[in-house]
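Reviewing the structure listed below.
Order of writing sets the chain letters: A, B, C, D and E. Residues in each chain are counted from 1.
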Amino acid sequence: MKRKAKTSGHPPGTVVFTGEKKVENVQVTLIEYDERVSEEKEIRNVADFVPARKKPSVSWINVNGLHDTRLIETFGERFGLHPLVLEDIVNIDHRPKVDEFEGYLFIVLKMITYRNDRNKIDIEHVSLVVGNNFVLSFQEREGDVFGQIRERIHMAKGRIRKMGADYLAYTLVDAIVDKYFDVLEETGERFEALEEELLSDPRPETSARINGIKRDLIYLRKSVWPLREIIANLERGESAIMKPSTHVFLRDVHDHTIQVIDTLETYRDMISGLLDMYLSSISNRMNEVMKVLTLIATIFIPLTFIAGIYGMNFRHMPELGWRWGYFAVLIVMGCVGAVMVFFFKRKRWL
Amino acid sequence: MKRKAKTSGHPPGTVVFTGEKKVENVQVTLIEYDERVSEEKEIRNVADFVPARKKPSVSWINVNGLHDTRLIETFGERFGLHPLVLEDIVNIDHRPKVDEFEGYLFIVLKMITYRNDRNKIDIEHVSLVVGNNFVLSFQEREGDVFGQIRERIHMAKGRIRKMGADYLAYTLVDAIVDKYFDVLEETGERFEALEEELLSDPRPETSARINGIKRDLIYLRKSVWPLREIIANLERGESAIMKPSTHVFLRDVHDHTIQVIDTLETYRDMISGLLDMYLSSISNRMNEVMKVLTLIATIFIPLTFIAGIYGMNFRHMPELGWRWGYFAVLIVMGCVGAVMVFFFKRKRWL
Amino acid sequence: MKRKAKTSGHPPGTVVFTGEKKVENVQVTLIEYDERVSEEKEIRNVADFVPARKKPSVSWINVNGLHDTRLIETFGERFGLHPLVLEDIVNIDHRPKVDEFEGYLFIVLKMITYRNDRNKIDIEHVSLVVGNNFVLSFQEREGDVFGQIRERIHMAKGRIRKMGADYLAYTLVDAIVDKYFDVLEETGERFEALEEELLSDPRPETSARINGIKRDLIYLRKSVWPLREIIANLERGESAIMKPSTHVFLRDVHDHTIQVIDTLETYRDMISGLLDMYLSSISNRMNEVMKVLTLIATIFIPLTFIAGIYGMNFRHMPELGWRWGYFAVLIVMGCVGAVMVFFFKRKRWL
Amino acid sequence: MKRKAKTSGHPPGTVVFTGEKKVENVQVTLIEYDERVSEEKEIRNVADFVPARKKPSVSWINVNGLHDTRLIETFGERFGLHPLVLEDIVNIDHRPKVDEFEGYLFIVLKMITYRNDRNKIDIEHVSLVVGNNFVLSFQEREGDVFGQIRERIHMAKGRIRKMGADYLAYTLVDAIVDKYFDVLEETGERFEALEEELLSDPRPETSARINGIKRDLIYLRKSVWPLREIIANLERGESAIMKPSTHVFLRDVHDHTIQVIDTLETYRDMISGLLDMYLSSISNRMNEVMKVLTLIATIFIPLTFIAGIYGMNFRHMPELGWRWGYFAVLIVMGCVGAVMVFFFKRKRWL
Amino acid sequence: MKRKAKTSGHPPGTVVFTGEKKVENVQVTLIEYDERVSEEKEIRNVADFVPARKKPSVSWINVNGLHDTRLIETFGERFGLHPLVLEDIVNIDHRPKVDEFEGYLFIVLKMITYRNDRNKIDIEHVSLVVGNNFVLSFQEREGDVFGQIRERIHMAKGRIRKMGADYLAYTLVDAIVDKYFDVLEETGERFEALEEELLSDPRPETSARINGIKRDLIYLRKSVWPLREIIANLERGESAIMKPSTHVFLRDVHDHTIQVIDTLETYRDMISGLLDMYLSSISNRMNEVMKVLTLIATIFIPLTFIAGIYGMNFRHMPELGWRWGYFAVLIVMGCVGAVMVFFFKRKRWL
């Protein structure tokens, strides 16, 4: 969240990258397709690129890497994007939103993956610019959830080759939302592991781990929550870019979003249950420790006192001279101990 | 929740079963009835089945088992269902919803039963497709809450034989909602058992059991909450499928749904009360243990000290030589003990 | 809540009593009045009763006892009530609501009384059917809050004899809402008693008693909350049954309902304060117990150690032979004890 | 809250005083003013008073004391007030509200003062009846926040003499709302005192005091919250009584109300922080006590054990005869103690 | 919050400064600019200043210091401001708001900076009056976040010199909102520091520090929350002052405000996680202390008892005379200790 501070003070519309550089060279790929053919090529020099707006085909330009703000500005000029759009493309802390401009839609999303190595979720800033026959997608680095979409385009699987740029945009959003289910699945597994640990062997670190999941849920929520409104907005069909034929699909991805949010809320409710269990398990352990201490102390302290009495050096202590004094005392001690044990049994402490 | 992940990456409308196979063979049953006759038969080959759309009777086709996606797709072709509908029929994690399509309504519900053997609730995915003169119902396995409806159809009990497919759909939804009351009743009984246990004999496992009920309530809530909106939608009468004569019944099932939700909220409020009682009972037990320890230690530690003094081996200790020294010390010890006991009595620890 | 289960499986509109039989014989009373006269009689045979719909007077029929479903159905036929209305009259777990039907209003309410003997609130299911010149009221048993209304009718107190059936219905609702204030008053007194107990002498049972009040508040809330919407609905004047002259009175009872809800919310906020006080009082008691233990143990354990040293039987222990050794040790012990006490004084533990 | 019960059972519109009598004699004062003159006199006999409705001046009649319901009814007749208005004037538990009647507005408010002597807030019921050229104000007792308004009228300070009865009503409401800021200031000071006490010297009573402030905040909230809606209603200008020239002032008092509510919410959030600090300070104190006990016990118990060994009376214990045995044991004891202390230092308990 | 009390009792529109005097002399600066030139000068005598309303340029008058209410009133006369506006300019506790008046907009904001020296946030009251060709800004003291805006005006950076007074007002608001991100960044760093401390070395002060951040978040929230509505109001374009060309920029600052609020909510959720971790770390520490005590006491108390037995002075104790008695007892003691240690190992306490 803190990196936004870098841009403070600049005039609005200044293109300032607020993230860390995650790729060495920005990679720009163009996929063009219509019902008959599809073609993929890399664009070396964006400045020379002329978008063929007249062709009935769909152009999808994907950009991996946001640190080259000069390149982003070139895109802005080529496609006539508003400076504030460019600012938000490279402001990786911007929350998800959709804005409608003259001739294009601007969509900001978060692509979420679970990083097994670091045991936490990873959030990547993705922006989409959707025009009548083109889609621009901007990502922080290589590696995305769009692999199968590329395959579907090239193999002409499903209806994607027959539909327009708006359907492509829907497919990209859908792929991102579908990935959330994977992340929720991982989170569910961490949940179960944590719960098992809680029941079998709660440790001081458990509290920090519960808090870790809680935090991941907070970040997920922050990324997913605005999505609901965004897709509802698109679905409501106020923009001319989103054609009516795509609306039934938007309704589907809207359903998925609500399902993700539902699951997040469910996890949120359940995490507080885990914490309660953890706290009560600490208290129970303390109780157990206390019981052992009390047991030992309560049995032996009176016995030690009795031993102490007959360890006194008074000259006139008749019991000391008795023939069976020692054994009598041992028996008394045994009885006292037995009474104590009986008392604890009745209290169910033993 | 995690199984949704299986479908991620597929083009939208791909029919992928996300559950576990719960029946060996998919069983398809057809019930046809009008005001005069009713007939029930099993359909062996769905591909050959031709829905008789012209007849004034109502056809109810029930499918037990969702794993045979090929069969589901055949249904889709026969009845002209949208691919996204087929996807949601076999996506058993989909949340309850109602969607209106050209010529039919698609309703997703959760059928909930309480499993005594596993001591937790069991959620089954049920989908309804409601047309002008037919209802399709899809369930995960045999065994449902629709037994009495079949009986009512065959015995011509109530008004069911005189009404259309929309009334049949209402009856199915009503049966599912009525079952929720049974589950709430079981939950209420678990509540009472738990409360009694809490008052008489709280144990470390109690916390896990409270959490178990809490979790069941969360799942129930997730299944029931969307239902309210669904039935309100149907009741509002925007769809031509739902005829005005059925609206008064929808209002009734709407009332029931709200009552279920009310009860769930009540349980939710009460479960936090149970947890508070449990935590304070742990603390009280700890207090009790501590008091016993303090009592014993506080009485005997000073006495042992006195005994220790007269156990010292100094050559010049006048008391040791006194005639009644030993008895005097015993009396002093008795007094000290009595003062302690009196002190504890006043503090109400004894 | 659990008794609703009894009705599950029946066709909608089946009249099934879900409560316990609380009166032996159902008692049906008719009060007829107009501006000049009022008359009260018991109806022995409902089947023979013919409501005189043409007369300009108002008829109020009160039924005590809901277990005779046959009688309720007879009422249904006589007054042309919808089967779903009859179902809800005898379903004592139904939540408060108002439904408008052709020619009459159906109102479900909860009459709440505080039972001193069982130390908890008692909820009774009351249904009102309000027509143009009649009111039917159904109660679970004898004994209600309508006594003063009967008196006002017979004595012609206030405006009741000059107004129609809608005003009578308002008066009945108002009497029920007024009773809530009595229950809140009782609850307020339990609150104060509990608080005093908490400050003077908190006991393990206190937690269960706090939870008891909390539960009563939850039930009260469940009964009262829907009332607000009901009365707002009536006040909004959408029904022809409720005449404009009654609206100013409905606004008044609406105000009372909001006041009841406000007070309930206030109690709800305050009960969590009580619980916090209880929990911190437990902790404080534990602290106090611990301090006493620590005090005694910390003072005497070192002293006992010193005594233990000079209780050793080494042959060469020079101190043992000293003339004033014993007294010196006693002085040392006194000093150690004094230092300890001083230390505790400074720590404010004493 | 409990006194409302007194009125239950009466027909609506019965004037029943629900508070305690706080003044001996009801005092009625009339202030009449227009742009040129102002006059103040006491009204001895309300029955004889004839409101001069034709004069272009403004009449403000203030009543201190509500127990004389006969007098209130006389006012009702003189000014043509609805019986329900009279009922609410003397029902001191009624929540704040505004009702519009034919020819006048009825406003219920709460005047709040902080009572230093009882260390809690004091809530007084105030009702305003605002007509075209008169304002009636009803208070429970003498002493109010209107002193400076009287002065402004007599000294012709500000615009009050030039404006109508609606501006006077606004001024009264504004004075009451301004007083809330004083009460919030007092509450803020109690907060700071409490926080300082918490940091320096938390005591068992602190919990009760935190709860006391919490309760005051709950009551304040209950009194202030409805005010927002009331003033928004007046500001919206639906009533002919409130003239457009007064709207800008109503917007101002609306702002103040929101600010009061904001501050209350802030305090509410902060009080839970105080409670958390208190609870963790109790736990920390317990920890500290436990550490001292553990320290002393853990150091001396092993040493005492060693002393105990050499206090045994076996005939054959070679160490006892050694020349430097005693001193060796003392050194061993010193080492054991030192090791313990070192161990605690490393654990940071010392 | 408490200083508002100073104004209570005054007639509305009285200009009373409610803050502390933070600058010695009020400093008034005028910046005038149009597309071609910009000029900055200090205004010594406000009374002589005549705003040149006809010129097509934009005038920005900034006032540092609010204690000189006479000067503020002079401004009011010069620019025809409503007395209530003047009252709110110097009422530094007023919440953020926007009010529309004839010919100008009045905006109240909070400028927030993080004070490293005092380790808490600092809130400054800022008011803007926006007319057609002028902006007045009022601040409590010198030093603000507008430095770069002045530079942009003088250097003609960005579009500011080409736009009107409404764009200048937007720029000022944007600068204030951008500063919030810096404050959030500082807060995020305090968060991380606190979390690290919590994991490595929780101390009693930690609770107070968590509460300190919590309080800062509450204040931030109170300052930022109303901003959302304010900017949404401006964006909705109801005022003629805000020209359509500025709307796209208002949408941008609206996005930023929502992002700030999102982050605040995230922090709010996370702070409760910190508190939970702190409380469970206290409990864990207590557990650890208890375990050490229990360990030592449980091992040595029985051993001491055995030593006590053979320290008794009975004449007839056969073991005392045995040749290897002493060594046998030592071995027994070793075994008892070993059993205890083994028991604790199995319980995982060691």
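Here is the rule we use: a contact is a pair of C-beta atoms (placed from the backbone, for glycine too) under 8 Å apart; a residue touches a chain by one contact, two chains touch by 3 or more.
This is a predicted model, so every value here is computed, not measured.
Peer 1: Going by the stated contact rule, which chains contact subunit A and subunit D alike?
Peer 2: E
Peer 1: Which neighbours does subunit C have in common with subunit E?
Peer 2: D
Peer 1: On C-alpha atoms only, rotate subunit A onto subunit E and read off the angle in steps of 5 degrees.
Peer 2: Rounded to 5 degrees, the superposing rotation is 70 degrees.
Peer 1: Could you put a whole-Å number on the gap between the CA centroids of subunit A and subunit C?
Peer 2: 42
Peer 1: Would you kindly tell me how far, in whole Å, the mean C-alpha position of subunit C lies from that of subunit B?
Peer 2: Distance between chain centres, rounded to whole Å: 26 Å.
Peer 1: Which residues belonging to subunit D are in contact with no fewer than two other chains?
Peer 2: In subunit D, the residues touching two or more other chains are 279, 283, 286, 290, 293, 297, 301, 304, 308, 311-313, 317.
Peer 1: Indicate which of the five shapes (line, ring, star, complete, other) describes how the chains touch one another.
Peer 2: Graph shape, chains as nodes and touching pairs as edges: a ring.
Peer 1: What residues of subunit A sit close enough to touch subunit E in their complex?
Peer 2: Interface residues on the subunit A side: 1-2, 4-5, 7-13, 82, 84, 87-88, 93-95, 97, 99, 201, 204, 207-208, 210-211, 214-215, 218-219, 222, 275, 278-279, 282-283, 285-286, 289-290, 292-293, 296-297, 300-301, 303-304, 307-308, 310-313, 317, 319-326, 329-330.
Peer 1: In their shared complex, at which residues does subunit A touch subunit B?
Peer 2: Contacts found on subunit A: 148, 152, 157-160, 171, 174-175, 178-179, 181-182, 184-185, 188-189, 199, 248-249, 251-252, 255, 258-259, 262-263, 266, 269-270, 273-274, 276-277, 279-281, 283-284, 286-287, 290-291, 293-294, 297-298, 301-302, 304-305, 308-309, 311-317, 348-349.
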